[in-house]
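Some structures to go through are shown next.
Below are two complexes that have chain A in common, paired first with chain B and then with chain C.
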Partner chain A sequence: MKEGKKILLEHIDVPGIEKIETFRACGGYQSVEKALTSMTEAEVVHEVITSGLRGRGGAGFQTGTKWNFLAKPEGVPRYLVCNADESEPGTFKDRYLMEKIPHLLIEGMIVSSYALGVNKAYIYIRGEYFYLYKILEKAIEEAYKAGWLGQNILNTKYNLDLYMHIGAGAYICGEETALLESLEGKRGNPRIKPPFPAVAGLYGCPTVVNNVETIAAVPYIVNHGGENYASFGTEKSTGTKLISASGHINKPGVYEIELGLPVEEFIYSDSYCGGIRNGNELKAVVAGGSSVPILPKHLILQTPDGQPRLMSYESLSEGGFAAGTMLGSGGFIVMDETASIVMNLHTFARFYHHESCGQCSPCREGTGWMEKILHKILDGHGTLADIDLLWDIQSKIEGKTICALGDAAAWPVASAIRHFRSEFEAYIKDPMAINKISHYNEKYKIAGTAI
Partner chain B sequence: MPEITIDGQKIEFNQGMTILEAARSKGGDLVPPTMCYYSKLKDTGGYCRTCIVKVEAESVKNPRALPKPVASCRTLAQDGMVVKNQTSPEVLEARAGVVEFLLINHPLDCPVCDQAGECSLQDLGYEHGKMDTRYEFKRREFEQRDIGDKIKLHMNRCILCYRCVKTAEQITDGRVHGVCSRGDVAEISTYIEQAIDNDFSGNVIDVCPVGALTDKTFRFKNRVWFTKPVDAHRECPKCSGKVRLWYKGEDILRVTARKDQYGEVEEWICNECRFEKKKTADWVIEGPSKVDKHSVISANHYLAPEMKNDLSMLILNPDAGNNPGSSPFSKEQE
Partner chain C sequence: MHSQIKSSKGEMKEIRFSEATMVKVREIIARYPEGRHKSALIPVLHLAQAEFDGWLSPEVMQYVAEILSIQAIEVFEVASFYSMFNLQPRGKCLIEVCRTSSCWLNGAYDIISYIEKKLNIKVGETTPDGKYTLKAVECLGSCGTAPMLQVGDQYHENLTFEKVDELLENYQQGEKMSNYC
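Here is the complex of A and B:
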């Protein structure tokens, strides 16, 4: 069986790759040499546009287009901010990348900063990743010593300073404008857009915010050209993507896949997830981190028109919200037949309730309300009307909030009810039945008496 | 001049105006209700989502409809924009949803709340809300707190509009209060329990759309609709000195800034005018105030006439059917 192309994780298993000498021996920092000495800024941007690289943080926006939008007024500094606030439940790809091969991110930051004409760049990392902060700080120090950062890099006129900033553990600070607020030292509330960060971002200056994985893909694009990168994957989803596979599979972990890989192969192939644990039946998959719609087996393996579903932006979203989902950040959560969708949804709802920033009313009030209703259902006091109420609440949150957290809280609820309504009904009618599933029985003593 | 269409009416506007500002320049029913937007302050709005409208066409250049409703207070009007507010069932539905969200954790203690009668949330609830609640859980509770010696913070009633935070930021020097915690337990707070101590802090009472920030010198003195507003002024070295006095008989019960038809302060006043000058002799009386904002102070028109007949009997006064004279609306029915 053919192994997919590895771009980001090619050298991940080389011993000592976290050190600059080893990284350099594996071809590291070549893209910086190439870009700074033989390419103009516009040429680098052009290669990224040609590559078709899409943002890996969740929204999947064209990176080249985003870079092109960056306003370039005279005499105003511009900033590049790397979003390493990876907090989407089910997503842990950036952690793996930064832990194993920190210099790849730094190399990407240098090349991207050069392309955008940035002289000060930031890596905003979540507080829980403090050990990664230390790894990256060490790598940045090495890069400064070796002359890849600082004044007159490679004896050119280009200067770049790279700073790290540690968040304090808020999910909302992964939203780009909340991240910028937090970076400025304020309360991490999302800003109201427009203006977009490309016009007024960090300290009111034009700013690009990119995910770790996006930036880490840039060195390859510069080294091998955008067309080469675009030759992998599908037409609209080029290149490779890191998928954080978790849940009831035999081999959870981070996998680099060429986009366009069939979902069925990803789940059942021994090169990837290795099938469902204990030979159980697949029940549902959350394909792109907790906020994307959950899909039942028949819809995740096949699109509504019977084609095999592929791991790509366009194939996963085929069927719209009625029958599709999104690639999101690539947090691939697999559930087997023993999983309870109601319990799973309660966990998600609790998360979004806890992480809502409280700025706009639908999200602040609605997320808590949904969690309370789900809690009530779990406690065995639910009624069938509660399902309709949940549906109504999510429809009043979705699309009506300042940032995407409202949508992220609404979609899991909407999709769970859309595809698994009968399971909610069954749970409400007979809450005791959940105790027949052993792993829930041990953990929660649910129905009958409220806990 | 660029032109925007709101609810089928064409309105000319100046470049740089938001949809809400354009609507207000025309006035009438097409103006979306607001809870957090405040025209006298910078960077307000966008939080409460009551002013959301549907954009059917973005501009002449780009006549596509926007997929999601937008906050009219934060979206710039563009030439050729077509907006639906009252005429879109989708908007009304979404707005009813927002009202419901704002009310699920609100204590609904209007009978003992000093703001009742001039409360934006009360008006909004009557105009856009539902008759009953679907929320069956415990409402969140906070301790009552004093912000300084003249202002009471009743966090239970707060809808987190951020107006007082922006007021403190923009018209007083050195903000000493802000928002702590996040999500549905976020609260307005003075840092380290520090009292607000500056000359203009009292304005946070006027900007508060609900009864979260109230005047301790007026607290529980009277219902606002029993007091009589009178415009007055005095020579004040600190502020404009233009105020509204609220009389009960011969006594001035409270002093506030003058407010316009949207309930927004016309000119900020200082604490001395607000809290210290409560004698008629302190003021030059101009005459009775006209209260434009439709609320219980000015008129009893929460319900449309046809609704008053059946709803008031059914809900507000169950006995009304047998004894029409006892209905709260009996005067108008006659």
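Here is the complex of A and C:
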């Protein structure tokens, strides 16, 4: 791709880039050399703060600030854990990065561990990505052999051991405290915060948990400086972001965009999604993974005050929850005119019901009720009062749980009703109307049996 | 000394890791700080599932507890939490079809229904010959190549009915009926 700055995917198409020699020949591991031989730990942290890099897993918290919070009591080990538990529906960017260019993540882990004074680091990867686990194990082995990991790296006093850890199928383990519980060999139940992991994380020790894409951006920041990184993107959304594009588009895939790209360009340009499949009309977009509010066409392309909507943290959230959404993990799901919002919402509600860890009653019970009510509507037994009931339940989950899964389950329901209430009403009044959309003639029948 | 388990071929088999697996188990335990060997539980359960016919019987969980010097209940509470651990016997070839939003938008239900008809089982069931188990699962991170399904550690993407025919045929011949570890 010609347009836009490439930071993470610059060398993605180089043949053999998954091997350490090729990666090294493309400038790989330079940031480790630079940091370990000419920078103090604090200087690396300072560059990351200056870069304005925000957590790429979904929350968008400033990475440098998170690093700065890390407690450093004498004689207590600290840990860095990479969150590779990518499970947010619509998101497959970390998978792409780890499969194509695994050493970039390892380089990021080394330089980040150095900055944080960490001597033992883990990559927690979701169980379903077992084939990636093998790719990364191999890359780690290569890095050990080449002397980038282990004792006295580059003949300095710095030691680092990096290990893989595999999960076993649980969306909740993407929540950082649930991830730490899981890494300790327990059920993935999120912890009550505070204390935050920066104070008491893995084994009760100070810990930083960062997403794959976040860690992979650190080598560039060390090599070129935080200011250089911040010169790309917008003021509040610096640098680049990987977007996982899927749904009814001509060119699904992972795209690295400079933050601030107009949404319209992202959807319709041949450099990115390439427009809506079959020349259909755009209907709605879930812009940042299943958890973020769904927006109809007119609100995803423009902000409420008529400005072009941009792919950035601040522009996507403009209009608040009434008319905006979030960048989230960058899981960009596009729906054309044939998509049923009600049926799509059912897939989300079922997902959150399945993935609720069960600790907090509002989430454990509420997600189940939302799925059941949507199922009832899909089966043609819904009443108009069910729409209000759904609204009522989601409002009683949001903000009332230990972790953000409750919010993540509530927002898709709230936004679907907010923006597409008439579609729910139409479905309830005439459940068979869905068959009038030709696309669903076969599907509805199948959906009736499969759910 | 060790309890036994009935293998898929019907014969009784002692529950004990092979020496090669024990090497892996020790290597995994060494990844965690001293005294934190419980961290190895999930990876070791994957190994156990791979070695003992793709599921975790109470006896296998007891064995894993002994190896890691933890209580059997600690193993059970973890095994019952994570969706990849099977607490019931399953077919040799576990077919997991993703059905969350992006896959659904691209016809995942059609794929599920097609496999149901082809194997003459419903989601959650195993064929009478014990060859296939069909599951519908939530997002596997393959949204850009939807619809998709997973067998063992293999992702099968951009599915069509023809592709499903082909891969079921391959697995029928016993090719790569792989498990995770």
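By our rule, the second predicted complex is superposed on the first by the 440 of 451 C-alpha atoms of A that agree within 3 Å, B and C clash if a C-alpha of one lies under 4 Å from a C-alpha of the other, contacts with A are read in each partner's own complex, and residues count from 1 in each chain.
Operating definition for what follows: contacts are C-beta pairs under 8 Å (C-beta built on N, C-alpha and C of every residue); 3 or more make two chains touch, one makes a residue touch a chain.
These figures come from a predicted structure and were not determined experimentally.
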Counting only touches as set out at the top, which of chain B and chain C does A:Pro89 meet: first, second, both, neither?
-> second
Where does A:Ser246 make contact in the superposed view: on chain B (first), on chain C (second), on both, or on neither?
-> second
In the superposed arrangement, does A:Leu8 touch chain B (first), chain C (second), both or neither?
-> neither
Return first, second, both or neither, reflecting whether A:His354 touches chain B, chain C, both chains, or no partner chain.
-> both
Please work out whether A:Ile428 is in contact with chain B alone, chain C alone, both, or neither, and reply first, second, both or neither.
-> neither
Answer with first, second, both or neither: which of chain B and chain C does A:Arg187 touch in the superposed model?
-> both
First, second, both or neither for A:Tyr131, with chain B first and chain C second = second
Check whether A:Thr401 is in contact with chain B, with chain C, with both or with neither, and answer first, second, both or neither.
-> first
Residue contacts with chain A in the superposition, chain B compared against chain C = C
Is A:Val209 in contact with chain B, with chain C, with both, or with neither (first, second, both, neither)?
-> neither
Do chain B and chain C land on any of the same chain A residues, and which?
-> 170, 187, 354-355, 357
Residue ranges of chain C touching chain A (in the complex, touch as defined) = 31, 33, 36, 38-43, 45-46, 70, 74, 77-78, 81-85, 99-102, 104-107, 109-110, 112-113, 116, 123, 136, 138-146, 150, 153-155, 180-181
Interfacial residue positions of chain A with respect to chain B in the complex | 170, 172, 187, 192, 194, 353-362, 364-369, 372, 376, 389, 395-396, 399-402
Which positions of chain A touch chain C when the two form their complex?
-> 77, 86-92, 94-95, 120, 122, 126-131, 134, 163, 165-171, 182-188, 203, 244-248, 252-254, 286, 290, 331, 333, 335, 339, 343-344, 347-348, 350-351, 354-355, 357, 442-443, 446-447, 449-451
Chain B residues within the chain A interface of the complex = 45-49, 52, 67-69, 71, 74, 76, 93-94, 97-98, 100-102, 104-105, 134-135, 137, 159-160, 162, 178-179, 181-186
